[in-house]
Amino acid sequence: MSDLLVSLKEISKKYGENLVVDNISLEVKRNQFITLLGPSGCGKTTILRMIAGFEDITDGVISFEGKDISSIPAHMREINTVFQNYALFPHLNVFENIAFGLRLKKENEESIKERVYQVLNMVKLSGYEDRNISELSGGQQQRVALARAIVNRPKLLLLDEPLSALDLKLRQEMQYEIKDLQNQLGITFIFVTHDQEEALTMSDQIIVMNEGKILQIGTPEDIYNEPQNRFVASFIGESNIVKGKYLGNYEVEFLGAKFECVDDYIPIGGDTEVVIRPEDLEVVSPDKGQITGIVDDIVFKGVHYEVCVIVQGKELIVHTLKSPEINEQIGLQVGPEEIHLMRV
Amino acid sequence: MMTKLMNILKWPLVLVTFFLLYFPIIIIAILSVNESQSAHIFTGFTFKWYEEIITNSSLRTAIFNTFLIAIISTAISTVIGTAVAIGINANSKKESTKVLMLSNIPIVNPDIVTGLSLMIVFSFVRLKFGFPSMLIAHIFFSVPFVILSVLPKLRSLDKDIFYGAVDLGCTPMQAVFKVILPAIKTGIITGALIAFTMSIDDFVISYFTTGSGFSNFSIWLYSRLGRRTFSPAAYAYNTLIIIGTFTTIMIMNLKSYRKERKRN
Amino acid sequence: MDYLQRLSKPYKWIMYLLVGVPIIIMILLSFTSTLGVDFSGAEFSLDNLGRLNEPVYTQAIKNSLTLSSIATIICFLIGYPIAFMITKIRDKYKWLILVMVISPMWSNMLLRIIAWEQLFKPNSLLNTIGISLDLLGTRSAIIIGMVSIYLPFMIFPIFTVLDKMDKSLIEASVDLGATKTQVFTKIIFPLSISGVASGVMMTFLPSATAFALPERLGGGRILLIGNVIENLFKRVYNYNLGSLLSIVIILIIFGAMRIINRQEGGLII
């Protein structure tokens, strides 16, 4: 049994004149947590729906376990979906919602009961089987939606922004639970979200998308530490992006100063875009800093202070535990590993 | 100042409204137990007109026809209307506005225009005038009401419910029957009730689309106005209908009232 | 999904037919002379247009427009306050009152018209309480009949809109300093216009085109457009002139609806 589960080859989707998905190719292996990450309208949900079978493919081939499934209708694919608004059936209670797919397959009553209770346990909703959907909170409905999908033992689970309707604390809780679930079940999850923190927390691999195209594929660390272009850099985490010049010999010049760095794939003398995360800039006294600037604004964020510093006319965001005064002149230091060069 | 005016007018308005709405009904009820057949003298109390509802064969047939048409046309128009509403809901805005505007036409058109239009079309295609033509006419004006009742309920549904069912293994048709229809049940029932009510009481459209002596109650009535063939049994029938409907509604509301109480 | 979208297509085409074909036929009939709907041997003729000017027909149109307008205005003056009052009733009794407003509509309209007809005669049941009305055949009789029948149609749409109104809008206006009267004239009434438009339409259109009502209550003396058309189609079998008059009505209705629609900028219903 090959490791490859789903493969999209040159997939495009057009709505009328509108190209929503632009020539996407990607491969998904078994037992992985993959996230499609991008802003609203980037095409991530459309890709998910094409894999599920709810949308037709304009161009390209989708293969599942090596076979072309483009012509197989949605209800016959061994794939299940968790929808953004849960799509729970209002006229059925929790048990019947979860059992729905099993009943269609005409499983016997005993087996249905066993599997439904088992999966209720997994999503921590034991005892809720007789409840009406309308009586459940958002978080509980979300778990029922999950249960309803996984009870069918699909080979692939698609999740379309399932946590977007939950409040922050609940969302963070569910992120861990869903990740846990994926580990337990050992099946591939393809997760769609616009929340980069969610993607970083849960994924084995992140696929960053914008305007129908894939911008970068990588592990959370890769994407965070080594964004390949401006969009990814500014979409993931906060970052400072300034223009610079690579001088060769692991030296890069920006903001009027020279810095040691660890990337050397930029041609010597070439332009580059330098990415530095706010938490990697250290506030020091002006004489100790590699560069100096004036504090323009400072906001207390709980975990740290967010300080806005003007350096050489450019605005830099710094996350620090120190709390300088507004209009104070401060120095900034950054280590070589924390300077990331992007090709222009 | 306005509130003072409103306060003075309040009760007179209520009285006038009550009078305008109920006076005819009260008169009808009184006449239904009037010994005399004439409508201007009350000569005594009797229930004989209620008996005559059954014994008067032409009236009996007319009432039977009324219900026959109502039940069949309601059944058919509910099915058609629900299907069309589902179609409208699944379509693009452009397409659904087109269909909605078309379906609003029978509602907005005055009865006489609808009746005449149908009569002209039926004549043109040489459809037999009578039961078939009246049935089609009733379906024609009932379907829009079903659509208008079902559509809001459809719109309030989670858009992904259909896909949820398909995702779990339903064919599209199974999804409609197992998931969509149960979820919009109340809309369908309301639509059916409205269709039934509109059909039972229709006069003008039926008048223009009937033939070969097929009469519903309204036509029976109209053809006997001011003539000797008129019978106060009509008043009796009408009073029964009002009492029956009123009672049914009260019972149903008490039932749901009790249900609510139980739940709390 | 594709499958679902297909469900409304056949209906669309059937409706185009059932609505379009009659209009085409009526237009054809209006400008020809035929035997009923039999077009064989038909000749083009503008006679019917000329007959439109006959006093019978112009008077009928006038009657329809004036009497219905008066009835509609009365329905509005009574119906709006009543709808407003119903919204103030406690929920428990609200539905009861609503049912009571609806119930007369279950009673056969013709019978109710007959009841009024009998009451308007000098010899009526009212004699027992010493009243004798001689209103049969008068315009007042027709107007009273119209109001009696169509008042619920005015009350309901207005009530629906008023009931659904966002209470916080009223609170906001009071917060900004509006008196009770101003709240009504500046907030409540303008926001209820769509309901008023619906009510006006559902009262004016049917009453203007009714024929049984004016026939019984007008004593045969006052003719409305409905009477005239019914007569032409069912008794005189002059489908041609009848069609022309029907088209005139349809145009008037179209015009009225466009005016009302423009006032509130959108589709009613």
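Here the chain labels run A, B and C in written order, and each chain numbers its own residues starting at 1.
Rule of thumb we're sticking to: contacts are C-beta pairs under 8 Å (C-beta built on N, C-alpha and C of every residue); 3 or more make two chains touch, one makes a residue touch a chain.
This structure is a prediction, so every number in the text was calculated from the model and none was measured.
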Treat chain B as absent and tell me which of the other chains still form joined groups.
A | C
Closest chain to the centre of mass proxy, which here is the mean CA position
B
Relative to chain B, largest Cα-centroid distance belongs to chain A
If I count C-beta pairs in contact for every pair of chains, which pair wins?
B-C
Note: chain C sits from chain B at a C-alpha centroid distance in Å of 17
Taking each chain's centre as the mean position of its Cα atoms, how many Å separate chain A from chain C?
59
Take the average of all CA coordinates in chain A, do the same for chain B, and state the distance between these two points in whole angstrom.
55
Residues touching two or more other chains, restricted to chain C: which are they?
1
Residue numbers in chain B touching two or more further chains are 163, 166, 172
If you look at chain A, which of its residues touch at least two other chains?
54
Looking at the complex, which residues from chain B come into contact with chain A?
157-161, 163-172, 174, 179, 182-183, 185
Complex contacts: residues of chain A adjacent to chain B
52-54, 73-76, 79-81, 83-91, 100-101, 104-105, 148-149, 152
State the interface residues of chain C toward chain B in the complex, per the touch definition above.
1, 3-9, 11-12, 15-16, 18-19, 21-23, 25-26, 29, 36-37, 78, 81-82, 85, 95, 99, 101, 103-116, 118-119, 121, 123-125, 127-128, 144, 147-148, 151-152, 180-181, 184, 201, 205-206, 208-212, 216, 226, 229-230, 233-234, 239, 242-243, 246, 249-250, 253, 257, 267, 269
Quick check on the complex: what are the chain B residues that touch chain C?
1-3, 6, 9-10, 13-14, 16-17, 20-25, 27-28, 30-31, 39-42, 80, 83-84, 86-91, 95-96, 98-99, 101-105, 107-113, 116-121, 123-124, 140, 143, 148, 162-163, 166, 172-173, 176, 197, 201, 203-204, 208, 217-218, 221-222, 225, 234-235, 238, 241-242, 245-246, 249, 253
